[in-house]
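Worksheet: one structure, shown below.
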Amino acid sequence: MKNTFGNNISVTLFGESHGEMIGAVLDGMAPGIPVDEAYIAHQMNLRRSANVMLSTARAEPDHVRIVSGVFEGKTTGTPITFLIENTNTRSKDYSAMRYIARPGHADYTAEMKYCGFQDPRGGGHFSGRITAGLVAAGAVALTALKGKGITVGTHIAACAGIRDRAFEDLTADLSTLNEKDFAVLDPAAEEEMKAAITAAKMEGDSVGGVLETAVLGLPAGVGEPWFDTVEGVLAHILFGIPAIKGVEFGAGFALAHQKGSKSNDPFRVENGKIVTSTNNCGGILGGITNGMPLLIRCAVKPTPSIYKEQETVDFGKCENSPLVIHGRHDPAIIHRARVVVDSAVALALCDLLATKYGTDWLMG
Amino acid sequence: MKNTFGNNISVTLFGESHGEMIGAVLDGMAPGIPVDEAYIAHQMNLRRSANVMLSTARAEPDHVRIVSGVFEGKTTGTPITFLIENTNTRSKDYSAMRYIARPGHADYTAEMKYCGFQDPRGGGHFSGRITAGLVAAGAVALTALKGKGITVGTHIAACAGIRDRAFEDLTADLSTLNEKDFAVLDPAAEEEMKAAITAAKMEGDSVGGVLETAVLGLPAGVGEPWFDTVEGVLAHILFGIPAIKGVEFGAGFALAHQKGSKSNDPFRVENGKIVTSTNNCGGILGGITNGMPLLIRCAVKPTPSIYKEQETVDFGKCENSPLVIHGRHDPAIIHRARVVVDSAVALALCDLLATKYGTDWLMG
Amino acid sequence: MKNTFGNNISVTLFGESHGEMIGAVLDGMAPGIPVDEAYIAHQMNLRRSANVMLSTARAEPDHVRIVSGVFEGKTTGTPITFLIENTNTRSKDYSAMRYIARPGHADYTAEMKYCGFQDPRGGGHFSGRITAGLVAAGAVALTALKGKGITVGTHIAACAGIRDRAFEDLTADLSTLNEKDFAVLDPAAEEEMKAAITAAKMEGDSVGGVLETAVLGLPAGVGEPWFDTVEGVLAHILFGIPAIKGVEFGAGFALAHQKGSKSNDPFRVENGKIVTSTNNCGGILGGITNGMPLLIRCAVKPTPSIYKEQETVDFGKCENSPLVIHGRHDPAIIHRARVVVDSAVALALCDLLATKYGTDWLMG
Amino acid sequence: MKNTFGNNISVTLFGESHGEMIGAVLDGMAPGIPVDEAYIAHQMNLRRSANVMLSTARAEPDHVRIVSGVFEGKTTGTPITFLIENTNTRSKDYSAMRYIARPGHADYTAEMKYCGFQDPRGGGHFSGRITAGLVAAGAVALTALKGKGITVGTHIAACAGIRDRAFEDLTADLSTLNEKDFAVLDPAAEEEMKAAITAAKMEGDSVGGVLETAVLGLPAGVGEPWFDTVEGVLAHILFGIPAIKGVEFGAGFALAHQKGSKSNDPFRVENGKIVTSTNNCGGILGGITNGMPLLIRCAVKPTPSIYKEQETVDFGKCENSPLVIHGRHDPAIIHRARVVVDSAVALALCDLLATKYGTDWLMG
C-alpha cells in the first residue's frame, strides 16, 4: 500500500504541507481504548518541540480534531480519523521554487513520480509535517500498548557527534524520557547537544544523530518468519519517516565485527523465566520476539534545509541553478523525530500483536 | 503476509530444513521473461558456496525443479513454482536437541510462536536453507531487471574486521562481482578474509560482516511516499534474511555525524541529465529513486552455530543446560548471503517497478 | 483490510451516521485527473436523491470538502481526502434504542463485534450514509475512466416487482441513465415503480429491487486468474454496499438452467475485431475481460427501517421487546444505491487497470 | 493478490493443466491441526467425482503430497505445501488448438492477458483442474473449523432445471451431504439429475445448476464492516471458482421482490440466546455474522466444453473458425464443484476468524 501501513491495524496518512488539512485514519484498533485528548496534545507538542525552541519559527497549533471512531471517550473499533488544519502556511515563501530541486529534499523525485502534478508548496506530501498524523494515531497505539503493560521510549543516543549515556535501568530510563521534551538521559550531553544545534543554526547549517528506542513488556512469540519479521515490519514503517537512512536492531552493525562466541546471547533461567544474559539480538531471534526488551536504533540525517548556498538545478529548465533557501527551517529535527519513532514503533507493534492475538486483545 | 512478500509481484517461501522439500512460488512476474536453468543453477551454487569451501560440509545438490509458470523456456505470467528436495538431511544429528535453545537461533522463539508444534530439526522453517527458494525466484527477477538494463551486485564490504576497497567504477565492479564466488573487489582483502574465516573455524567460532549492494539503471520516480518507500520495502525483505541485523542506505549511519552542508547531495546537469555530485542519499530522496545508483549496506551477524560450549536452557524442562553443538556448521555465511541479498533486492524492485509501470513492463 | 479496499488504487471509508464527519481517502489515483466539484456535487445529489422526493426527509447538504491530494484542480497522485459534515443529526431520535436490535439492521451484530463500544446512533458506522464517501471517491474514479473511454451506468432493472426494459443500445442507454435522477429506461415502468414506492411508504413498509450495471470500453485482458478475478473483485466491493445480498454477472443465475450450447457465447470477427455474438458471460471469461461490455446485476433488499411493529429483542437485557420505529426512513433506497454501485464498480476497475497498466495509465 | 487469497490465513494456487505439477501453499494456519491424509484423499475424490462416473474419462489419481508445514501428523504453523502431479496429460489432444478460442473458456482472455506466453494446453492455468490445490488446502481448513464446532456443507439445489428439496434440519442435512458423492438430499431429484446429465452427455451438450451451502456453528460478530464483509470475502473467493457466475446470501435475489415487513428477520430470545425467526439475511447483517447459519447460493454455468459444433475464431489469424471439440469433457461439473465451494468457504472463514480471534484460536 502506498500511504497505508499495516494489515490488521492500519494507518493511512494524507495531506500536504500547505494544503487545507493533514491527518490520518487509524483502522482496526480494538474497541474500548481510552482516547485522552490531553495525551494526544502532549505528543503533538513533543513533535512540534514547542517547549524546546531549537526549531522552526512556524508556530503550528497542531490541534487534533477526531471526527470518527471515538464515542464516549473510547475507541469504537471503527476507523478513527484525525484532522489537523494547516493554519499558518505562508505559501508565498515557496512560490518561486516550483522547479528548484532543494538538495536532500524530495522536490526532484516528486516531479519524476507525479509528472508535475504534485503540490510543490513546502515539500507538499513529502513534508515532515505529515508525520503529525502519525503521531496522533500513534498516541492511541501507545495507549493501547500501555494497557497491556508494554512501554515504548526513545532517547537521542547521539547528536552532532555528542553521545548520550547508554540505557541502564530501562524501566526508569523510559519513564524519565517520556517526561522530557528533549530526550537525553545525561544532562551534560543534553546541554552539549543543544549548544551544538544552536551553533549549527548560527552557521546556517544543520545536524543529525541517532535515535535509540527500547520497548518493554512485549510477550515472546510475536512476529512472523521470513517476511513479517519484527525487524522487517518495524524497519518498513521507520524508513517512512523522513531523514531516517539506517535502522539496526540490538548490537546491529557492531555485530558485523564480533565473533559468534561474543554476539550470541546466552539463555538462562531467572526466577523461573527464560531470559538472555546479553541482548545483542535486540529481543528478536528469527524475526520473532524472545521476551527481552526490543532495542532499535535509527540514523537521522541532518535536516536538508540549510541557509548556506547550495549547487542545484532548475528541473523545469533542466539547467544548473545555485540556491539559497529562505524561510523557516530547523537546524535539527532529531529531538522532534523521537516521538515520531515512538509512534511508528507502537503502530507496527499493535499490528503484529493483533495478528497473533486477534483484533480484541488490545481491548484489555 | 507471513511468508509472502510483495504486492504486484510476490514471492512465497515454504519448507523446513529437514522436511521433504523447500521452495518458492513467484507470482505476478511478467510473461515472456527467459528462464535459464543454467543461470539459476549458478545462483544456487553461489548460495551453497560450492566452490569456496569455507562452508558447511552438507553437500546439498540444490537442484531446482520448476513445476509451473514456465512454458517453452519463458515465464507465462502465472505462478512459477520452484521445488528443491532435501536429500541429505541426517535428522539424527538434531533429535536430542528438541528442547534446547541454541543461542542466536530461533529455537526458543519458534517454540513460543508455534506452541511446540514446529518442526525442530535443523532449525525447521527458520533455517537459512529456506533462502534457497528466494535465490531461485530471485534469479528470474534478476533476469527480468537485466532485460530492462538494471543491474544488481553486492560485495563483502567487511568481514571479520577486514575491509574491502570501496566501490569505484560501479559498472565494472558489479560485472566483476557477479563473476566471483567470493565477492570481494580487493584481492588482498579477499585473502585476508578467507584466512580469518578459516581461523575462526579452527577456533570453533564464527564471524560476520557487512554486505554492500549497488543497483544501476533504475529509473527516477520509483517508490511510494510514506510507507512503500524504496528504503522501507527493501529493508522489509532484507531483514527477512537470517543474520541481517542492520540496513542502511547511502551514507547511512555515517550521516548522523555529518552536517547538512556535507550530507546534502548537490544536483547538477550532466550531459542533459540531472544527476547528483555525491550519493549520500543512496539514490533515494523522499522514499523515491532519483535515478542515481541505489546503495544499500546490510550488517550480517556471525553465524550463531559455533563449536564452543555455550550457556543456554532446555525450554522443555525450563532449566539451565550447557550446550556443545556438533554437526556441520559454517564459520561464516556472509559470502553465501550475498546472493540472497541480490535476490531479495531484485524481487522487491520488480514489485515496485510493476506498481509504477504495470505488470507487463518487465516483459521487455 | 477492514475499511480499505484496493491494492494499487485504494479507498478507505470512515465515519458514523451521527458523528462529526464522514468521508473517504482515495490513494493511488494517477496524477493529473481533473477534479470537478460540480460533478462530485451532482453524484452526491443522486445519492441523496434530492430531486426525487421518494426518500427520507433528512435534508443532508452533503457538501464534500476535499482537503488533500488536489492541486490546481487536478489530482496530485497523493491521497485525496473527502470530508462531509454531519450537520443535521437529531441524535435524540435514537437515544432510547441503544440496546434494541432493529430487524434487518446491524445493531445486534455491531454489539457482538464491538463489545458495546460502537456508536449506536443512527446505525453508527454501519449507516448507509457512509456510502457518501464512496460516492465522492467514485466520482474521481468515474472521471478517470471516462478519460480512457470507459463508461459506467446502472438502471433499476426491477423494483417492487416491476421490471424496466432490458438494455438495448448500451451507449445510448448509459448516456440516458447518467442524466436521470431515477434511473429507469422505460418511462411507464418508472411511473409504476414510483407509485409502488409511494404506496409502500403509505403502508409503513419498504421495497427492494435489482440494479443492472453495464461498463463500456474496457480493454480485453484485465483481471487476474483465480482470486483477483473481475467478478471476485467487483463482488467484494459491491457486497460492502448495505442491502446488496446477491451479485451476478452476464446471465448469472439464469445460466444455471441453460444448456452449454446456449450459454456459451460464440466468438466471431467483426470489423477486424474479435467479439462475441451473445454476452451471457457478462464480458468476463476465466475472470479476465474479453473486451465486450461488462454486465453486473445486484439484488437490493428492501430498506429494513419500516414503520410497522416488529418483533425483536433488547440485547442489553436479553429479552424480547416489540419495536415500532419512528423518525425519518426511506421506503426504498434502490434509486439512491444506483450511484453507489457505479462508484464502487469504478473504483474497483481503476484498481484492476492500475494493476495491469501501472499507476500512471489513467493519467491520460 | 493475483493467485493468493486471504490476509491472516492465505492460500496460493499454482500450476497448469498439462504442466508438471499443480498445487497450493496454505500459510498462516494455526499449529496443531491434525492433518489426515485419508480425509484429504476423500475430498480429492469428491472433486474428481471418482465414484459417480458422470464425469470426464481423465483418470487422474490426484495423489496429494504434502512437502512442508506438517510434522508428526499436525500442522506446524508454517506454510503447508500440497503437490499433485499431472500424470496423464495427453497433450497432443490440444496442440492444434493453440489459437482457437473455445467459447465459454478463457483461451482468448488468456491470450489478451499473457500476450501469447501462456501455456495453452488444456486451458493451462485456467483449467478447473487447478481447483485440486484449493480442495487439498480446504481439507485442512475444514478440519480446523470442525475442531471449533463449525460445519460446512453444500447440496446441488438445482441441476438441469431439477430442484432438490430445501434444507430442513441443517445438522442432519449437512451430515448426510458430507457422506455423499453426489450431494442431493432428495433421492428422486438425485436420480432425475443424474439422468439429465447423462442425457446431456448423449447430446454432446452440458448442464449447470445452483449450489446451496450452509455453515453451522459460526460465532456472532465475525466479519468487518464496509469491505471485508462476510459476503464480500466469501463472494471474492467463490467467484474464483470457474463456472460460478452468481453468488447470493440468504434469500438473495428473491429479497428484491419482497416487502421489508417480510424480508426483515425478527429477533427473539430462545433458551437465553438471541436468534432470528427466519433467516432471509443468511446469517449476516451489516457484513457481520449474527450467529445464525450462513446460507450461500452459487450459480454454476454449464460446462463450456461441449461436442456440438460451435462458431468461434482463430485469434492467431484473427478469422472465424468453426470448432468441434474432441477429447474428454464433463457434461456437468456441478457435483464436482460442490467440494470446491466447501473448500473455498472454509478457507475464507478461517481467515475471517483468525482476524478476529488471532492466529492460534483455531488450534483448539
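Order of writing sets the labels: A, B, C and D. Residues in every chain begin at 1.
What we mean here is this: a residue touches a chain if its C-beta (ideal position, glycine included) is under 8 Å from a C-beta of that chain, and two chains touch if they have at least 3 such contacts.
Please read all numbers here as calculations on a predicted model, not as lab measurements.
**Student:** Trace the shortest sequence of touching chains from subunit A to subunit D and report its length in steps.
**Tutor:** Minimum number of steps from subunit A to subunit D: 1.
**Student:** Does B-D or C-D have the larger number of C-beta pairs in contact?
**Tutor:** C-D
**Student:** Select the chain at the greatest separation from subunit A, using centres from the mean of Cα atoms.
**Tutor:** Relative to subunit A, the chain with the farthest C-alpha centre is D.
**Student:** Taking each chain's centre as the mean position of its Cα atoms, how many Å separate subunit B from subunit C?
**Tutor:** 45
**Student:** If you average the CA atoms of subunit C and of subunit D, how many Å lie between those two points?
**Tutor:** That gives a centre separation of 27 Å.
**Student:** Approximately how many whole Å separate the CA-defined centres of subunit B and subunit D?
**Tutor:** 38
**Student:** At which residue positions does subunit D touch at least two other chains?
**Tutor:** Counting only residues that touch two or more other chains, subunit D contributes 1-4, 7, 13, 78, 113, 125, 225, 360.
**Student:** Work through the pairs of chains, note which ones touch, and then classify the graph as line, ring, star, complete or other.
**Tutor:** Shape of the chain contacts: complete, all pairs touching.
**Student:** So in the complex, which bits of subunit B are touching subunit D?
**Tutor:** 1-4, 7, 10, 12-16, 19-23, 25, 27-28, 31-32, 65-69, 71, 74-81, 83, 113-119, 124-125, 360, 363
**Student:** Any idea which subunit B residues touch subunit C in the complex?
**Tutor:** 7-8, 78, 225, 354-361
**Student:** Inside the complex, what are the residues of subunit A that reach subunit B?
**Tutor:** For this pair, the touching residues of subunit A are 1-5, 7, 13, 101, 103-106, 108-110, 112-113, 125-126, 130, 158, 160-161, 200, 205-210, 219-229, 231-233, 235-240, 242, 244-261, 263-269, 272, 274, 276-277, 280-282, 284-291, 299-306, 308, 310-313, 315, 318-320.
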